[in-house]
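Down below are the structures I want you to see.
Common to both upcoming complexes is chain A, partnered first by chain B, then by chain C.
The block that comes next holds the complex of A and B.
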């Protein structure tokens, strides 16, 4: 077959793919039956309203900033809590990871990185190691108990090399200190054996069909660690089974811009996404349905739509914390799809964009990291009414 | 000599100039790399067509979105959430209280404890709550019934890292221990300062 004939086949196949996607979209729309509205923004909220749910109400001092973690000398790009104890690791433009005791605000480790261009960090399940990655295309592992070298730096204990593009996100597999998943600008995700440094599986890439643009975020299902979801600049999120690297289990369309961040919902059956199109969405993992879109106009003088940088769900799933590029940090009531609070309006709020969010293991504290070089910890400071 | 003469005589405008030699065009090799790349793109698309056709079939058997919405609603509603103000019976504290009211060297005067106290705190009768100690962790003045007050015990500071290696820290280095009664000189790793 000649190149010209192949190009014709390519055009025909592209048209078939687009037509099939449109048919699929129409069939799915028919299944969005929650309130009969044709609006794509109201499915879930309509159901919640039918159950008599009203938005969560916050008083002016219900959510307070109770710790400010100061020490980075550059923008904070990423943070992660330990699964058990109250420690946080953060990564910054200053080329360091800092490990914090969240209760006392003290720094227990400050790790100077071999490559300053770090984008992501993560704690191992046992809290003994941290991982980070960035523009060097490598995921570096540091054992926090290792002795420092002659310059006072913590040495790298393992380098996970193999990506052909930047490492945008990393997460240890829950309860497995030896396995970690990374996402990359090379359009793939990789499952690693940290002990040997080997790639166990590559998800996506040129032939195994996967994302068709940079992958920006991963989230592993806390209820079933064999499943994880990834978000990409190709405007899709994909669900993967770590046992089947050859293809994604499902592809989730809907966003109209880069999917910057993904996070599993606490029930392990749904996940949230945040995008450059300014919306967050809730998808059902098993059916592929888009259950809800979280979208609100932001006050923007230039008319630009701020993009979502990071999201996190509260432990019950009732609240969705979403940070945006215009320094807003909305707290959404997930059931009624309303913004119930903006952290930006609170005392001691950040002075710059919030780039990362994370809930503590027990769900009682939210940590935010920002371009203002600080991390802040927020907790409920109000009254609970007695019955 | 004849050649030189011929060359000299070539300078005269009456003789046609020789065409300069030009390289031959390369032979038409097949663009194998381009063909393989195009074939790969087609194969990926045809594979995607297969996946989409499978998904179209499976959509026929899918439950409607309302079932998923109900599942989320039924999951969320009964689950307590540390961030949500809601009516609760008085009960023992859980991780949330341990976190906020636990080992903390700060003056947590803005914290109000209500309901139960964490295991680390002492309960006291609100009759002992004086106005002067209103903001030292005793929240009884906020409560009408004044039944449950907690006070934060005085806790020792955690150990600070030794500063033996601090020989060349910047003058702007802030070595602050956040405990009000801590006497330690250096409470942060020194290499953070410079």
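The block that comes next holds the complex of A and C.
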């Protein structure tokens, strides 16, 4: 077959795929029975409002910055809490990981990295190791209990090599200190055995249903650790089953820009995404439905739409924290799709873009990391009413 | 897709017999991409079939609302119980001097 004929077939096949996608989109719209009068972006919010739900009301001093973690000498790019209590690991442009006790503000470890261009870090489930990755295309593991070397540096205990592009995100599999998942600029995600350094599974790559551009973020389901979701520059999020590397379980379309961040919802049945198109979205894992779009105009000086850098859900899922490239950090009420607070407007707010967000294991504190080199801890200091 | 189009265009430009290697490479790329598209067509058709049996969105919404409202949340002004005194540990005890001191007494 000639190249010209192949090109014809390619055009026809592309048309078929686009037509099928359109049919799927229309079919999904037909399944939106929640509120006939609402726009197609208000499904869950329309339903919640029809059930009489009103927005969360925060007083001006309810959410309070109660710790400032200072020590990095460069922009903070990533943070992760331990699964129990109060410790945080952070990664910075200064080429270091710092391990903090967030309650006392003390630094317990400052790890100089072999490659300064770090993009992501993660705590192991038992809190004894940290992982990081970045432009070196390697995920490095440090055991926090190891003796330091003659230069006073913590040695790398394992290097996970194999990616052919930068490591954008990493997360340990909950309750499994030996397994970790990474996402990469090489368009794949990988499940690793940390003890042997082996790649157990590669998600995407030569297989057809993988991402078609850099993968920027992963999130593992806290309720079912065999499932994880990835977000990519191809504007999709994909759901994977770690037992089936050959194809994604489902691909989620909707965003009109890079999917910079993905996070599973606390109930393990939904997940959120944040994108370069300036919106956050909530998807249903099992049915594939897009349940809600969270979008609000920002005051943009240059007319550019600020993109979403990072998201996190409060422990019930009622609040969605979303950080944007214009230094805003909106607190969304996920039920009614309204912004109920902007952390930027609070006392002691960051002086630069927030790049990473994370909730403590018990949901009592939010940690934010910023280009201003600091991490801040936020907690509820108002009058709490229990129902 | 865009990357491939530009690759395809350049392959056609190189379609002179003097450069047969480029032509073969271009063919392989288009064939691989075709296979990918055919695979995706099958996945999309499967998904359409699955959608026939899928619940309407309101079922997912109902479940989601319940899941959100029954779980105690330390960051909400009004929350389902039980609350936990350790949620307020951030406002107790000696603070680091650089810490923010504006907690409610």
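Basically, the second predicted complex is superposed on the first by the 381 of 387 C-alpha atoms of A that agree within 3 Å, B and C clash if a C-alpha of one lies under 4 Å from a C-alpha of the other, contacts with A are read in each partner's own complex, and residues count from 1 in each chain.
Just so it is clear, contacts are C-beta pairs under 8 Å (C-beta built on N, C-alpha and C of every residue); 3 or more make two chains touch, one makes a residue touch a chain.
From a predicted model like this one, the values you see are computed outputs, not experimental measurements.
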| item | value |
| --- | --- |
| Joint occupancy of chain A by chain B and chain C, clash or fit | clash |
| Contacts of A:380 with chain B and chain C, given as first, second, both or neither | both |
| A:296 touches, of chain B and chain C: first, second, both or neither? | neither |
| Partner chain in contact with A:347 - chain B first, chain C second, else both or neither | second |
| First (chain B), second (chain C), both or neither touched by A:71 | first |
| Which superposed partner A:143 touches (first chain B, second chain C, both, neither) | neither |
| Touching partner for A:364 - first (chain B), second (chain C), both, neither | both |
| Partner chain(s) touched by A:62 [first = chain B, second = chain C, both, neither] | both |
| Touching partner for A:209 - first (chain B), second (chain C), both, neither | both |
| First, second, both or neither for A:48, with chain B first and chain C second | both |
| Chain C-contacting residues of chain A that also contact chain B | 3, 6-7, 9-10, 13-14, 16-17, 20-21, 23-24, 27-28, 31-34, 43-44, 47-48, 51, 53, 56-59, 62-64, 66, 103-106, 209, 247, 250, 266-267, 269-270, 284, 287-289, 291, 314-319, 334-335, 362-366, 379-387 |
| Chain C - residues contacting chain A, complex | 1, 4, 8, 11-12, 15, 23, 26-27, 30-31, 33-41, 43-45, 47-48, 51, 54-58, 60-65, 67-69, 71-84, 86-91, 95-96, 98-100, 102-104 |
| Residues of chain A touching chain B in the complex | 1-3, 6-7, 9-10, 13-14, 16-17, 20-21, 23-24, 27-28, 31-34, 43-44, 47-48, 51, 53, 56-59, 62-64, 66, 71, 86, 98, 101, 103-107, 109-110, 112, 152, 206-207, 209, 247, 250, 265-267, 269-270, 282, 284, 287-289, 291, 314-319, 334-335, 360, 362-366, 379-387 |
| For the chain A and chain C complex, residues of the former touching the latter | 3-4, 6-7, 9-10, 13-14, 16-17, 20-21, 23-24, 27-28, 31-34, 43-44, 47-48, 51, 53, 56-59, 61-68, 70, 103-106, 208-209, 247, 250-251, 266-267, 269-270, 284, 286-289, 291, 314-319, 334-335, 347-348, 362-366, 377, 379-387 |
| Chain A partner contacts - residues on chain B that touch it in the complex | 31, 34-35, 38-49, 51-53, 55-56, 59-60, 62-66, 68-73, 75-76, 79-90, 94-96, 99-100, 102-105, 108, 110-112, 114-115, 142, 145, 158, 160, 165, 178, 187-189, 191-192 |
